[in-house]
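Below are two complexes that have chain A in common, paired first with chain B and then with chain C.
Up next, the complex of A and B:
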């Protein structure tokens, strides 16, 4: 949670087009969003901060979404909710993500409204 | 030669022929020759004054109906009577004539030959104008046919729909424009990446790039480019046919500018609509 009482979300998505739209909608819905475009930046960010939620693409440069979940759950030992964004045809990866501890997944193209609802739902569970 | 000059020469020729025929021919033949010339003269005057071949060609009637072209009309209406005059004059020339009469006949023949040449020139130029008009028409048709794909830019209707994204942007046109810019950048990056991967025959790279671009294309509902990207993605993991992959790549390159232009036009239209809606 940020100083002004907003939930802090980490959005890891290398497609800037989608990321920009999602950041806009999430911020409009009252969240503080930190956006990164590759796995390396995610790792760097997580060394310094712990967000209230991670929203991550599976296919990213340097460090995939699967590796990210593994890192979060098994290395950093964090219990933050993780929502995976995945394209159709990546079902195997989605299953792997759930096995490693992902909380939810949304199929691409992502509907920003749907994402907002899912974020709210996951945060309410906490 | 100007038309006025031609008409004046025809009148002069008429007077000369009348004088000549009155003096040189029996009354019946003189009246016949005079009548023949009068008919020829009035037809010529009528044709030139009321049916300027160039104007009628430009008017398009002869283009749309080449069978009734001015070329044919000139051939029959002008050249036939001129031919008759030349024929009659030639017959006259062979008869017993005084020197003065022979001079008149030679003058008639010379003038008739000039008229014949002139009518051929006019008919020829009418024919060329007609051909030119046909070519022009064909060229215009060809142009419009060639333009058809671009009206699919505009013309061949590009399949995309910005409204769902606009709704996602909560009606923020500036955000939509920003997304469009990102979309264009992504497409250009994709083109560059695939080109490089094609040179290296790196199908995995092509697959990754195609997979990535698909989401943006789906987001903007850009059907044509999406279909190509999906095929590239599929091909990169199945057949790995380099020749077909290059073909798909070129399809994408050909299609992208059309899509880009169509999207730009749509954005302008949406902005105007938003301005009008207040």
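Up next, the complex of A and C:
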């Protein structure tokens, strides 16, 4: 949670245009979103802060979404909900993500409204 | 031809020119690359600016606040100003195209609407008027991807553009923008449609929402063979089976691709009417088409088509086509043509067991449990088997093996012929199985015959005893033979080994003063002679007291002192001998009351009654079951165990062994019967109070002793004078191994007379 009572979300997406669009949509729904575009920056951010939720693309530079989940669950030992963004036909990676502890999965092309609903649902679970 | 003088000056000029050109080339590449990099950076930078603006437009809602609405209107004005710049338009269009691929749902629809609202489609229409094919192609692609239906009319003319890339973009756009686009395309297309393009068009059609495909048979008459081909594929894809007549006609098309697709459609839609035309055109076509035709005939054909297929099989030169014709015949009528090449000739298999005919009949009848059933044999002696009737033999562990069957099989193999096929694993397995089956059946037969008491091979040398022993006096009585035969002197006696042993034993016992074997046996045996005697034949009873105990052996006549015995019996009341409270004692000493009553002249008891009761009580012994199936040697060993662990119930059991077939067993049983109470008395220390003692001698303790066939036996005397079983193993001369330790203090007085009669009385 941020100081103004908003949930702090971390969005890891290498496509800046899509990321900015999703950030805009999530912020419009009342979340505080921190956007990063590669795995290195995700790691750096997680060393400093612990978000309420992580939304990550699977295919990212330096550090894939699968490795990010593994890092979060097994290294940082964080119980943060993780939603995975992946293109269609990438079922094997999605299954691996779920094995490592991902909470949800959204396939691309992404519906921004659907993403907001899933984020709300995951946060309500906690 | 002018010669070039390769002087150093000339070489230097050439090198200088090459260096300058290389420098210019690298400078050009550097400038182009720099410009591209700057453009890309500017593009990305502009995207970062315009991207949020597009997001604002995308997610703007009517219920926004006043400030939001103000911002929205301000952004719209700003973006319109930006659109006047070509670069910004390019960036915006690229943003729209990227987002179109990355987002879905309502935002995707809003994006297309925003594209039109911003008037970007007008720039795309203008691009279609360009002379540059790149611009035209990009314009068509924009309108297609952002789904600007207004561009349909502008794009239509490009479907027959001379440049292929524009044509293909236009075809995809036409089909995608409106549902009737496919009809327009098929009607007006003049150029070939590549396979890849057909796949892409079908993919576009598949992704159209609420698409109602037209009847594609309309284009089966197109002059463009590619349109016909594409229409046939669309027919098959959308399962439109309303073009049978056209399909039949297309089988005769010149183009092999169209023929192939038409035949596929015929097979897919089961157009039976096409069979005749397919057979008619068959011989004119290539082998590939022939195979397709035969495959279709195999699927749709009936028995009427068999002659045609056989004709193909006989006349066709191509091996593949011929094989396909055979395959088609077998598909229509399975099993019509069987493989003939590479098949070895064999006699029919009948599954005969490798047994002789008698053995087969016997064993199979036994296993079947149906001895009345006769398994038929073939002419050459083989058993005819019926594989459908499998009978199992669970009793001998042959569950699962079919052992008996009936009725001939269509194929019959002789056993010898099976042996010839040494390489056939199945035959070898059958051989092994049959051998094991023979062994198991033979074992079963032998075990059953042993149990039934019928002598078989290993015991055939032994005498077969099938009836109960009959005393010789009964035999003589029943056959009215002269009694004088018993008085004949024996000139030469054939003595068996057992009798020799018995004689030796008696001689040894007499030498030490112990009761003889016969006396011991007689003391325990309720001989039928007693009742005969009661019936009025005293002489016979006396003469045959010990006779007839062993079949096949002739003994000297034995005369018992009946008068003295009778006197003793009269003095001894039965109640003193047999304790009425003790059932066992009552059973064991059933003979004494019987004899006593006989002496008193009362009516005799039935002969079998005491024996039956004795056997019933003997069955309570733990040794009864062991003795049932034991041989002689085992019985002797078991008797030792009886002596070691026996109790009162075993006395009855020992009594029941009087009728045992083996003489050794009878003798040993009698001896143990006598010595067992002594053993118990020695163990308990009080002779008269031990249960075994009471069991043997009654509640009174046997003060008066027992009258056993004329011998009064008092327990204290019996135990005092009887020697342990070790006496059975004395030297043949009757001397003890250690006479000083084993000799009894009061030896039994024996007075054998000339006739061999022993009268012993224990003091």
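Things to note:
Criterion: the second predicted complex is superposed on the first by the 126 of 126 C-alpha atoms of A that agree within 3 Å, B and C clash if a C-alpha of one lies under 4 Å from a C-alpha of the other, contacts with A are read in each partner's own complex, and residues count from 1 in each chain.
Throughout what follows, contacts are C-beta pairs under 8 Å (C-beta built on N, C-alpha and C of every residue); 3 or more make two chains touch, one makes a residue touch a chain.
Model, not experiment: these values are computed from the prediction.
For the composite obtained by superposing both complexes on chain A, the positions of chain B and chain C are in clash. In the superposed pair of complexes, A:8 makes contact with neither chain B nor chain C.
Once chain A of one complex is fitted onto chain A of the other, the partner contacts of A:59 are limited to chain B, with no touch recorded for chain C.
In the overlay built on the shared chain, the residue A:50 is in contact with neither chain B nor chain C. Contacts of A:25 after superposition: both chain B and chain C are touched. By the touch criterion defined above, A:114 lies against chain C but remains apart from chain B after alignment on the C-alpha atoms of chain A.
It is stretch 56-64 of chain C, out of 56-64, 272-280, 488-496 or 596-604, that runs into chain B when the two complexes are superposed.
Within chain A, the residues touching chain B in one complex and chain C in the other are 15-18, 20-21, 24-25, 28, 108-109, 111-113. By the touch rule above, chain A contacts chain B in their complex via residues 14-18, 20-21, 24-25, 28, 59, 87, 108-109, 111-113.
Within the complex, the chain A residues that touch chain C are 15-18, 20-21, 24-25, 28, 108-114.
In the complex of the two chains, the chain B residues touching chain A come out as 165, 168-170, 172, 175, 178-179, 182-183, 185-186, 208, 211-212, 214-216, 218-219.
Looking at the complex, you find that chain C touches chain A at residues 44, 47-48, 51-52, 54-56, 58-59, 95, 98-99, 101-108.
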